[in-house]
Amino acid sequence: MADLAYTVPGLGTEDSQRLVESLQDRLHAMNDLHLTLKHAHWNVVGPRFIAVHEMLDPQVELVRGYADELAERIAQLGASPVGTPGRLVSDRSWSDYELGKADTQEHLKAIDAVYDGVIASNRKAITLAGELDPITEDLLIGQTAELEKFQWFVRAHFEGSQA
Amino acid sequence: MADLAYTVPGLGTEDSQRLVESLQDRLHAMNDLHLTLKHAHWNVVGPRFIAVHEMLDPQVELVRGYADELAERIAQLGASPVGTPGRLVSDRSWSDYELGKADTQEHLKAIDAVYDGVIASNRKAITLAGELDPITEDLLIGQTAELEKFQWFVRAHFEGSQA
Amino acid sequence: MADLAYTVPGLGTEDSQRLVESLQDRLHAMNDLHLTLKHAHWNVVGPRFIAVHEMLDPQVELVRGYADELAERIAQLGASPVGTPGRLVSDRSWSDYELGKADTQEHLKAIDAVYDGVIASNRKAITLAGELDPITEDLLIGQTAELEKFQWFVRAHFEGSQA
Amino acid sequence: MADLAYTVPGLGTEDSQRLVESLQDRLHAMNDLHLTLKHAHWNVVGPRFIAVHEMLDPQVELVRGYADELAERIAQLGASPVGTPGRLVSDRSWSDYELGKADTQEHLKAIDAVYDGVIASNRKAITLAGELDPITEDLLIGQTAELEKFQWFVRAHFEGSQA
Amino acid sequence: MADLAYTVPGLGTEDSQRLVESLQDRLHAMNDLHLTLKHAHWNVVGPRFIAVHEMLDPQVELVRGYADELAERIAQLGASPVGTPGRLVSDRSWSDYELGKADTQEHLKAIDAVYDGVIASNRKAITLAGELDPITEDLLIGQTAELEKFQWFVRAHFEGSQA
Amino acid sequence: MADLAYTVPGLGTEDSQRLVESLQDRLHAMNDLHLTLKHAHWNVVGPRFIAVHEMLDPQVELVRGYADELAERIAQLGASPVGTPGRLVSDRSWSDYELGKADTQEHLKAIDAVYDGVIASNRKAITLAGELDPITEDLLIGQTAELEKFQWFVRAHFEGSQA
Amino acid sequence: MADLAYTVPGLGTEDSQRLVESLQDRLHAMNDLHLTLKHAHWNVVGPRFIAVHEMLDPQVELVRGYADELAERIAQLGASPVGTPGRLVSDRSWSDYELGKADTQEHLKAIDAVYDGVIASNRKAITLAGELDPITEDLLIGQTAELEKFQWFVRAHFEGSQA
Amino acid sequence: MADLAYTVPGLGTEDSQRLVESLQDRLHAMNDLHLTLKHAHWNVVGPRFIAVHEMLDPQVELVRGYADELAERIAQLGASPVGTPGRLVSDRSWSDYELGKADTQEHLKAIDAVYDGVIASNRKAITLAGELDPITEDLLIGQTAELEKFQWFVRAHFEGSQA
Amino acid sequence: MADLAYTVPGLGTEDSQRLVESLQDRLHAMNDLHLTLKHAHWNVVGPRFIAVHEMLDPQVELVRGYADELAERIAQLGASPVGTPGRLVSDRSWSDYELGKADTQEHLKAIDAVYDGVIASNRKAITLAGELDPITEDLLIGQTAELEKFQWFVRAHFEGSQA
Amino acid sequence: MADLAYTVPGLGTEDSQRLVESLQDRLHAMNDLHLTLKHAHWNVVGPRFIAVHEMLDPQVELVRGYADELAERIAQLGASPVGTPGRLVSDRSWSDYELGKADTQEHLKAIDAVYDGVIASNRKAITLAGELDPITEDLLIGQTAELEKFQWFVRAHFEGSQA
Amino acid sequence: MADLAYTVPGLGTEDSQRLVESLQDRLHAMNDLHLTLKHAHWNVVGPRFIAVHEMLDPQVELVRGYADELAERIAQLGASPVGTPGRLVSDRSWSDYELGKADTQEHLKAIDAVYDGVIASNRKAITLAGELDPITEDLLIGQTAELEKFQWFVRAHFEGSQA
Amino acid sequence: MADLAYTVPGLGTEDSQRLVESLQDRLHAMNDLHLTLKHAHWNVVGPRFIAVHEMLDPQVELVRGYADELAERIAQLGASPVGTPGRLVSDRSWSDYELGKADTQEHLKAIDAVYDGVIASNRKAITLAGELDPITEDLLIGQTAELEKFQWFVRAHFEGSQA
């Protein structure tokens, strides 16, 4: 990673560099997530198609916005955010979402697993940021809160009696 | 109940007093209902979670507005509307909604029963108001019409073939 | 069919007459379709009521707009568009939608069959218009595209595992 | 007509059945009316074309909404509302609107006659509902009020000096 | 009063004539009332100026709309509504509002008295309309309900401890 | 007229008094005008009813706003604006509008005459204000400009070939 | 005409040049048309003034947008669109609109003739574009569709009985 | 309290349980608070009625939203949020609001006392959440900030000279 | 120029005629200006393309509105406004804008020169109108103020250090 | 003050210079005024807190816009507008607003005095501009009109009976 | 590629299969393009930063919508659209965008090259679709038209004199 | 500084006093900043004028809002916020912004330096608040985040190749 051009006033260069690395990983995660949620939006089928198809789109919009916030935070810290698909695939530590056309419940199960990974990593990033920079920490807390809310939406489909 | 400070022009004090009693009962019912619907909104689970979760919220908004209309009608009749939870619980003639986290169909069944009670009482209040004051009657008719529409939404989930 | 009062500049009278006949048939189809979709909107029942009930309404709005476009295109070609129910029923080559109150999946199956007929006829009308008038062709392509999208919504409810 | 699945709390089954029959007739009338007004919207001609063409559309929108309200009231009373064109034509007691392309004043005369019939029948339905159910009565009063307002718009074109 | 050109379908001419007389009186009352409320809006002074000045304007808007509804109902019944100030003054049975620049509480007292008269007359008009025409009755009930709500706003300023 | 409580900074008391007198006359004129235009709005008939009926309403809204501006200008100059109908009728130097139900062209002719008077008086008020206070002058110029535009709308109906 | 700086990928330079010539002619036609429609908007008179005056403005807005689309398509093809009035007048093959202040029907007749010319030329441009570039073709089809709709509005004023 | 069905990724079950208990207490507090503020909204009287009546409503809206956020956070942590009035009254550690119809200043004094309790408890909940979960902490900080702002609105009415 | 059909109340015919001549010249100027600004909007190129391309469009919208105001003022004065391109070109005293595709700074220089001419002529028209009619004067002042603001936008691009 | 870079077409350099000086003084006054009104917005207390607190904010918005208009007019005249607080304080001829936390009536009294000074100076600036440039004059008249309206709001709180 | 579940009425299975392959390639292209444009949005620097930074975002929005349309068209043809980043990278025939933080002109050059490839491929897809399915053809034409417009925006930055 | 009238529940008086001092300093900084940014908005010139002129205004709006939040937080803590220009200038520890009319890049350089100071001080205030009050801390974090984003906008203009 290249040297930083500058960083925000009052933050050390080394701390900034560590934040940038963590944020770049989250940026890849958010780009992957909004592509994956759109993919699921197109591929869910079954008798509850329309309800789940429509539930996914607002989350796509939110996650796209989170990628934007993360990338612009990287830029504020003086680095160059990377958002291309080739770099995303070569840098990431997780695999491609594997489900194609499938019933809504199957997709929700698979999405639940995706959120387990994303949120656990976000919480680690919050801890790191909490030691270095309250502004980055606050940004990550706000994003994670909404991801946790959406995961509850997903999980609520698996509880209770069947009908 | 204290004496009325005044009442609307052209309406007798005693009639006003009887209307106030009936309206206060409906006010408690509406405050109970919007709290109960929100409670269900948070506690429904199962494979049709998102559709039912979202169906409940607009009704909550309507019922909150009905409580407001009823309370302000009581005030117009010169009395003091009571909207605190302690008074609601000590004054009401029905029990607390009992379902916690449960499948959407179970909650809809329980909500259906709640509407049976609320609407039957509303229709009695309409009959009383019809004898005393056309303006109060019209207000109650308008509210009951929407409650009956929502109960149809609820009931429609129990008819037809299973899937 | 009466002689045309006029037609659009640059189009022959006979070609216009053939377009008018084809468009009048599509106008009957669209009037039938929006009535039928509303009928289904009112008659679906079962545990997925609310999701399907709400899915149908935006399509009703679109199809009403398509009837309007077709009728005004007929008028632009100098003829008189016919939109009354008596003429629709006596002129059409298909039968009334037969389902009353029934489960959402049953209605979606029946609607799927309706769309098979409507879209196949629209595609024939596109072919005819493609030979005579690019503007009418474009209008029909635009309408058919949305009908095909909605039929996919309907069909997606039949695929995948049951739940 | 099939037995009712249920009806609104506090209303007898027989009364509900009578209301359903009356409301189904009004539903046919409203479906017929909005199709007829659109037909006129497309077929008016003459030097006052644009003013009358535009005056008809908002009324179409209102009447479509009235059909929706009536059908959903039928469903609330436990019956199945019928909205298909074949059933409309076979059940109705009036004839198809006969005017094709014609001057605005001719169409307004014909529409005036249509409203005479529709409103007179609505008033009978109000009287019946007034005996059975104040909520259905209120719904019909609200719709009739707007129909009477529009008929005044129509009639106002025939009074005063000619120009 | 001239003979009616026509009236709404299903209503007798004599009944219409009686309704028109009652409605014309209410039309004068509403025209008087919105002028008077604007006059007060401009003339209130004192330490609570801004709150009362702003409270009056939405009621002016409502009352202007009520004049419009009443006048158009008269026209629907085949008569000519009268809205000129000269006729208002010569026909009315009450006096001009007398307060000029004065404290908010004084104006509210005077407005309270105006509403006593207007509402009492409205209730008589409701009773008459209730015998002749449910649509006119419903219109008057709706207007009176809002007038009673506003009078409560006014009255609420006189109760409780002074400050 | 009572002494002024105050006036705007930099303007003499006597000049303010002269402005107030002129503005009060214009306030009566605007109150009269918006009542008269509404009266015409309700009473126009004939084959061009809908176009003229709708043309009048936006002007009513403008003129109501002009009355508000004039009255608040009087208040700014320290006087009490008078807006009641009794005072309007006793103070004005012109007669009540006389037309009842009549053809659109007749009403437009009568309205044209009303505007001749109103605008001529407004121009005199502009001249007076031009000598005393540029802010009042600017207010009157802005109002007169729109009145002259509307009078052109009215006049344009009388020119050209008949149809 | 100067050499093209570039053209859209996949289109030959000579074909682009031919499209540019055709589009420049249509750009002049649209600039002429929106000026002419505004001129008519200002100069119509007679008893149907307001209805026709208002009918013309939305078409002016559309045609201004069409000029913009055509000019930007020329630029995309690498040429310089010409939009000045001097060049329009020296390049065009038709004459200035000749009517000044005149009755609405006269103006509508003259506008009808203008549309005959514009639409016939547009259809020739569609044919040419259809051979060279589907994107330009689609743009012209979309514009012509709306022009044909508006010409129907115009023509509808000449049919039917006189009044 | 039942075992949790799940909790958010990266948070221990015991910590979640402790958060749920704290959040359920805050949920009761918010449900109580929005009912109480509405009760006051209906019961304030006196010469400053309208200003205080209107000041309370936006806070009601905010507090209703806070109840929603708290309940959905409880659900995200795998528990069942309780929102019924019976449970609220039996679980709470404070008494019902006691004021009925009373002067605005009296109600503001009583509301001030309510906020003292609510905010002090919220701050304790912030401290607890700060030890366990930054996302819950952030949610509570955001809500408390707005409550403190509103309490300032209330308190500002008691300072300064009397009038 | 033909005799005026009428003019605004309180203005002499000769004065009106002089105003019409001046306003017609300004109408040609505004029609020329909005065409020229659109032409520049399409033909600017260079590294600051997007910023200047977007800066021009709101001014086009304003100037089109000014042409409308001027033409309608001419009509109010009883004359026929001329808005056709042929008459614009034959009547104007200035030349066509000559720049084709060119760098943003070149176009801004050329536009600056155009505004020098337009504004200087507007100020002469203001002086003339100031002697004859305060309403026309006010209209021209308002338009010129915005033109001067836009010219500042243009000029600001030429000052300061180069980059 | 530096030489002007340019000025608006048709205005002499010396006149422009005199206008700039006058406008710069008004710019300081408006910057001071919007800061002062915000300061009062934060510091008013007492039983009428909420009404006065809310009344001040829209005026702050207006005055900020006036500062913008004045500064941009200075720029149009070729000079550099000065908007920094240091220059405001060193250039102004009046003192800082002195009231801290105080009752609403006290603040309104102090604000009234501020407006006396601002408006008197504005009227002098209008007189000067009237001799030099009608466009600057019109801008100042428009701003002063709104300031005088707001001062009336303020003053109206001191008249009438106390409560 | 798996067999199709169904396809749109009137289209052969083999033709559908060929369309799906072409559309899947375009879907990958659009997903790549919107990620790339966002990447550029974050990485442009230099004195024209803000103008180019803001120019890119609306195109990102459009291209995201195009991916959605393409994927849903694939689903309508009975296949499963693929939108995950892993599959995009392994299936595509082009390389990752290579520029990091760089001057706006450099990025615009690189984006221009990307559009050369995307548009040329789109035009081939249009040709194929034109042989098989007019609805898919129309969808691709509409998308390509906007891409060509945006490429013109990009290209316009390279023409003309440097500054 | 005077004693506090009260403070928020659960916060000590001394801690509140320390927060107030810190917040008052930030309030002066924000008032200074929005005035300075407006000053720059008016004084930027050069070939990139319009892009930078427009970029500054939304930041002015944000910073005005931040001043409001800070001042109201001071009031919640029981103190009197100071917002007058005289006190700002006498209390601040930095100098007036010195640039007058100058090229966009020069202003951006000077603004960059201003942000260095403001943000560094904000971060110190965050640290202090973090020790005393999480709500004040959160408010300052949110404001600083946006200031850092805007500074990145500014800084991005200095990187990369020159043009």
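Going in written order, the chains are labelled A, B, C, D, E, F, G, H, I, J, K and L, and every chain counts its residues from 1.
Methods note: contacts are C-beta pairs under 8 Å (C-beta built on N, C-alpha and C of every residue); 3 or more make two chains touch, one makes a residue touch a chain.
Remember, it's a predicted structure, so these values are computed and weren't measured experimentally.
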Equivalent interface to I-J, taken from F-J, I-L or D-F so that over half of the residue contact pairs match: F-J
Cα superposition of subunit I on its sequence copy subunit L - rotation in ° rounded to nearest 5: 120
Rounded Å distance between subunit A and subunit C, as computed from the means of their C-alpha atoms: 42
Where subunit H and subunit L are represented by their mean Cα positions, the distance between them in whole Å: 32
Euclidean distance of C-alpha centroids - subunit A vs subunit D, Å: 53
Sequence positions of subunit A contacting 2 or more other chains: 5, 47-48, 51, 72, 75, 101, 104-105, 138, 156, 159, 162-163
Which pairs of chains touch, using the document's own definition: A-B, A-C, A-H, A-K, A-L, B-C, B-D, B-E, B-H, C-D, C-G, C-K, D-E, D-F, D-G, E-F, E-H, E-J, F-G, F-I, F-J, G-I, G-K, H-J, H-L, I-J, I-K, I-L, J-L, K-L
Complex contacts: residues of subunit F adjacent to subunit I: 115-116, 119-120, 123-124, 126, 130, 137-138, 141-142, 144-145, 148-149, 151-152, 155-156, 159
Sites on subunit J touched by subunit L in the complex: 2, 5, 31-32, 35-36, 38-39, 42-43, 64, 67-68, 71-72, 74-75, 80-89, 95-97, 100-101
Touching residues (chain side subunit L, partner subunit K) in the complex: 47-48, 51-52, 55, 104-105, 153, 156-163
Complex contact set, residues of subunit G against subunit K: 5-6, 8-11, 72, 75-76, 134-135, 138-139
Subunit B residues within the subunit A interface of the complex: 44-51, 53, 101-106, 162-163
